[in-house]
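This is the structure I have questions about; it appears just below.
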Amino acid sequence: MQKITKNQLLDKAAELLDNGTVTAVLGWQKGEFDYDVTPALFENKEELFANFVWNDFCGANFSKYLIKHTRKVEGKILVFLKPCDTYSFNQLLTEHRFDREKVYAVGIPCEGMADIDKVKAIVGDGISSIDCGEKIKVTTIYADAAVEIDGKDVLEGRCESCKSKKHVAYDELLGEEGDVLDSNRFDEVARLEAMTPDERFAFWQNELSRCIRCNACRDVCPACTCEKCVFGNPKSGVENKSPANSFEEKMFHIIRAFHVAGRCTDCGECSRVCPQNIPLHLLNRKFIKDMNECYGEYQAGAEVGSRAPLVNYTTEDLEPGEVFDRRDTDA
Amino acid sequence: MKVSYFPGCTLKNKAKDLDAYAYKSAEALGVTLEEIENWQCCGGVFTTSKDEIATKLSSVRALKAANDKGQPLVSVCSACHNVIKQTNYAMQTDKDFAFKVNNYLKEDGPYNGETEVLHFLELLRDKIGFDTVKEKVVNSLKGKKIAAYYGCLLLRPGKVMRMDDPENPTIMEDLIKALGAEPVVFANRNECCGGYVSMESPALAAKKSNAVVENAKAKGADMIITACPLCRYNLVKNGADIPVVYFTELLAEALGVKEDNK
Amino acid sequence: MQMNEHKPLIVAFCCNWCSYAGADLAGNNRLNYPAEVKIIRVPCSCRVNPMFILRAFQRGADGVIICGCHPGDCHYTSGNYYTRRRMAMLFSMLDYLGIEKERTRVEWVSAAEGAKFAATMNDFVATVTALGENKRLEDLRCKK
Amino acid sequence: MSHNSNLQDDIIRMSGVNPRKCMRCGKCSATCPAYDEMEYHPHQFVNMVENGDIEPLLKSESLYRCLSCFACIERCPRSVEPAKLVEAVRLAVIRQQGANRMKPEDVAAIADDETPQQLLVSAFRKYSK
Amino acid sequence: MQRIGVFVCWCGSNIAGTVDVHAVAEALKLEPGVVFSTDYQYMCSQAGQNIIKEAIAEHKLTGIVVCSCSPRMHEATFRKTAAAAGLNPYMVEIANIREQCSWVHKDMPIGTEKAIILGKAAIAKVNLNAPLTPGESPVTKRALVIGGGIAGIQTALDIADAGFPVDIVEKKPTIGGKMAQLDKTFPTLDCAACILTPKMVDVAQHDKIRIFSYSEVTEVKGFVGNFDVKIKKHARYVKEDVCTGCGDCVSKCPMKKVPNEFNLGMDNRHAIYIPFAQAVPKVATIDPNACNMIKNGKCGLCAKVCTAGAIDYTQKDEFIEEKYGAIVVATGYNHISMDKFDEFAYNQSKDVITSLEFERLTNAAGPTAGKLLRPSDGVHPHTIVFVQCVGSRCDACAEKGKEYCSKICCMYTAKHAMLTRDKYPDTDVYVFYIDVRTPGKNFDEFYRRAVEEYGVHYIKGMVGKVVPEGNKLKVQASDLLSNKQLHIDADLVVLAAAIEPDKSARPLATMLTASMDTNDFFTEAHPKLRPVESPTAGVFLSGACQGPKDIPETVSQAGAAASKVIGLLAKDKLTGNPCIAHSDEMMCNGCSSCERVCPYGAITYVDKEFRMPDRTTAIRRVASVNPAVCQGCGACTVACPSGAMDLKGFATSQIIAEVDAICK
């Protein structure tokens, strides 16, 4: 499904390693399964050519990893950034989280990533190998022939409502630049807003009660880069490393969403990694939608140094009680 | 541009001129007045009492009708305009009143004063623009010295009508200028003519009306214009010796559409 | 203990400069409001972290109200403007999660508005009493 | 001084006016075009309503001299708006059975060919129920 | 664990009437950390304070909770008590069981129950208190006075006389303010110029005072003792240090039709001008909007005639940056616009004027050289109507005018009326009043003289309408005492327009972070006890910027403000508020969220080397709070995503402890 090929990326990485522009490459490598792709830092060409992968399962957003790696690696790191990743990249620069000088960013186009659950829904369990080309070819241990799937049919939810195919940051661009898209990403939030409070409560109770507090959402979130997380800090007053009941899960998610409000670029990583398939992005999108409607359109990470709505104000802002009126009159 | 139009009882009877010239002038200026269907008399005066609901219903119906069309509601008669605008203000600001009215009317969906209420003069000034009016003048009224008589209902209460400075208005003077004539500013222009008291106490009305005419004449006016049939009636009845005409007639004349009428 | 009438627990965060002084003025003028209201003094309404509000709900509060200086009158010039945005967003989120929006409120009460403070508290307590116990956001484990 | 507090409450409720806001500046009476025709002048209206001294007002001819020109409403610095009180007292009178000030049969004598409809409806609304 | 003492005050029956204080003391004894608990009739009394001191010594207390009146009342008292007994004053917490408990609840069991909970919350908080020590900062020994009217002049003189340098910033070309425009002053009738101009000269000659005229403050940073102020000196196109004020340029200037603002537009001045003869600094100023040379390069006459060579058409606005220890606001007042009161025909007739215009009409240096003549035709008026309270004392719903009493109008109107009758006995003078307010030394006597000796007609009532007709002003008014409507044919109508703070005050207040009321008057730190201080430390108030004032009151307030400034500048160091933000560097992400919300610019960032959890070292950007600048609002603590930023005295853990104590 991807228009850009693994070899194009490898060639570029090799070139930059060879000419000394960078000393390490932040890329994807295969995990336990073909579809289980994880981020990795390659510090030489051998490792790179042996393990680097690029396929329809390379959803991971690398921006966050730059904080850790730029502190350790001497010289520059090459990072491949899909359009949505560039927003996080910029946002972290806004927050001074890493040194731009230590990164060589190569923008790469993205045709949307595949959702393994949707693949499994088609082929069933027991996937033995996946080959991503024009089509996604899946073989399972139960069937002789590989199943061919069109990538468009198994797009990740976040990619179905992709907000932008345009990169907002890079040093160099591979492939063709896309456009900011007219996305329908707030439709689901609006659907929830239109429900009665009881329905909404039931919806969220059902969703959030599945939370196992594995912290994957937090760990993957490019906005959650705190040196020490409040949930692990006894002094914060909200420390809870494992939840005792559904309220604490709820509280964890509300506070997490509030902490990243205005900084969340809506990359969708939280929902992608959630093992319980909780649509966590709907919390973040609610904040984004509210802030857009109340304080004017704002896209975190669209430009470095922008001032997020919650660290800003005007004297004419609406009153807290009026956020409801706004919706009531809209409806 | 199309606007909803509330003519009022007098304009359909004793003040047909005011109505007909308004239509013609509006047409000449590219505005269509769409008369509200089945309008009912506004009642002539706005009853300030908070427990008067029924007397204001006809205004609310007209307002609602305009709102359903998404049009501003225009009237020419000062009294109608005053009643409708005050009623609309009450619908906006007096929740209790609006609640009762909505309960009573049971129209489709509540009405809370969303309609923009305009006097024909405001239509000319704010929607059409006096500059445009000036461009469309074919018979300049140059040389005429005209006094604009506002009376009370056009401007007051200022915080409800929001049409012009209630003590030192300029809207009719600006119109007179646009039509090529010379406005005569006189102090009694926003003083009462005696109004409906002429029914009860003709002497008081005569006193008030005479003061207006005398004051205008003293300032050199050779004509008085007004937007109110009752003002015109009182002034004329009490022996005004200079012409008292509706501002729409003057406008129609300047725009060259007056003769079509006759 | 009477079970039929639920006495709500209300936490009120008041900024030191305006609203806390407004509450004092309500006292000076002997303006009654229910004892269910317990005030916590903060230097400015912008000191109120959403975590405090959630914590209060978690520990059994039925309503939380934040009082600050009127917009434009913040002792620190801009604190309440941030409060206004933060709380607007937080309240909207709580509502989105299905929590009764009447349980949270922001009111601007100046140091001169003792009467407003008392009236606000009376109204808020009445509103929250009508809603009943906060079941949706409390942690029963921590309730006595 | 008579004090009729029921009537006073009615008048205050109907008019929506708080006579206690009055600072006794007298601007209403200074601005009133019908002042000389009135037995009780606008500022007295306010004062008498404030004192519950309503009975004399009910009987007063002043009720029918007010032109409803809104000049006192416009210029009152305290938003007391005396004309609203006059209107409320007048309504308190004409709402009573048989207390109409003007009857349809009176009209023929007063009206002429030129009398605008506006004058008739206004007068009836002001003087009759 | 702390060792906490609890002290429950009865406040006579104020608390004990509705709260069982003994039960409270007993209940709180059981709270964790509490080692001593007692109640007493008046904790704030000497005897009560001694109980606290003795308990601190006897029980080795580390923290104190006083259950009493509002902390706004006696927190400072009990902190001092604790300090006197050797305890850190910030180990004291107050549970407000009077204003927020006994005074608002009637029922003893309910009041007692609540008092106990409030006490528990305070105990929970004090358990987490830490001793705090206020930081120190140096004091720049120079004051800035903004506004050069009588208030600013007096304040500057008093500060300078105490030996501290003072700068005055005045937006007009000369100092002097409104008082310079007045004719005589009530109640003594001495001429304003005779008492003001010597003071102006004193200012000009004082070696500790610098005047920045034609200038304004554009930026204020810093904090008490250490303000950094940027002042914009507008180009006056005349070298101030070279110009001798001879006036030759003025008389030669061909552009003479510029409305003269000093005479309120009642006559004209030249494009180059000196506002009035006694102006300080007495230098010319070119009005760039009127000067042909500046507008289109054609003229240059003034440069030719200036023997001193002071004219400089190329002069540019100049910025001055200076440090100050204290700032005094003396921005004064203006009359409100008469646009919304045109029933008085101010916009329709030249002969309807405001009282300040009347001052100029009677001033010997005014447009008529002191002869009282009508502006329209220069004829002497025989009937003059004064209208009081125009735009003052208006109801908010009226949507025009001000709600307050402007305070000075009654007296100046009496003065105008009296002087008119004194000078022109052939003139009939009517004053329409609602109330005559004359609280001041010799004020009522003055007003009575106007009535009794000078025969001014004081009429209780108001003017309803003024109609210009012919060369008369038809005044329709009410006479409430005789219950009549009056019709007066007047020649001149004088309106006592309400006064309002100068328009420059609001943006200035924002720059100073000083608070204002809804009328744009500066708010005082305490309306009775700290009337000349703004709540913002280091900012002081002088004159009408704080509220309507006459000259005697302004001058006394100016002196009071000066004495406060002197008290501040006399110190070498200031101790600050220790309840300020601080960042835990180990947790700080350096993300700048806190910096963005800080209204004081108190947060900066430093790169520091840290040992990371994985035993490597890394250079990280971390926030650092300037303790002298931080005012302790706490905005940063919520903006901080990691919770690194906390507020001393109102720490997250403390507030959460209070929440828990109240909720459990």
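Here the chain labels run A, B, C, D and E in written order, and each chain numbers its own residues starting at 1.
The definition used in the following text is that contacts are C-beta pairs under 8 Å (C-beta built on N, C-alpha and C of every residue); 3 or more make two chains touch, one makes a residue touch a chain.
In this text, all values refer to a predicted model and were calculated from it rather than measured experimentally.
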item: Graph separation of subunit A and subunit D (steps between touching chains); value: 2
item: Set of chains whose contacts include both subunit C and subunit A; value: E
item: Maximum centroid distance from subunit D, chain identifier (CA atoms); value: A
item: Which of B-E and C-E has more C-beta contact pairs; value: C-E
item: Relative to subunit C, chain with the most remote C-alpha centre; value: B
item: Whole-Å separation of chain centres (CA-atom averages), subunit C against subunit E; value: 32
item: Where subunit B and subunit E are represented by their mean Cα positions, the distance between them in whole Å; value: 48
item: Mean-CA-position distance for subunit E and subunit A (Å); value: 52
item: Distance from the mean Cα position of subunit E to that of subunit D, given in whole angstrom; value: 46
item: Two or more partner chains touched - positions in subunit B; value: 167
item: Residue numbers of subunit D (touch at least two other chains); value: 71, 74
item: Residue list for subunit C, restricted to those that touch at least two other chains; value: 50-52, 55, 78, 82, 86
item: Chain-chain contacts as defined at top; value: A-C, A-E, B-D, B-E, C-E, D-E
item: Subunit D residues touching subunit B - in the complex, by the definition given at the top; value: 13-16, 33-34, 37, 64-65, 67-71, 73-74, 81, 83-84, 87-88, 91, 101-102, 110, 112, 114-123, 125-127
item: Complex interface listing, subunit E residues touching subunit A; value: 586-593, 596-597, 605, 612, 616, 618-621, 639, 641-644, 646, 652-653, 656
item: Residues on subunit A engaged by subunit E in the complex (per definition of touch); value: 71-72, 94-97, 225-230, 233, 235-237, 259-260, 263, 307-308, 310-312
item: Touching residues on subunit E, where the partner in the complex is subunit D; value: 343, 389, 393-398, 401, 434, 460-465, 476-480, 483, 485
item: Residues of subunit C touching subunit E in the complex; value: 9, 11, 16-17, 20-21, 23-28, 30-33, 35, 38-44, 46-52, 55-56, 59-61, 73-79, 82, 86, 118, 142, 144
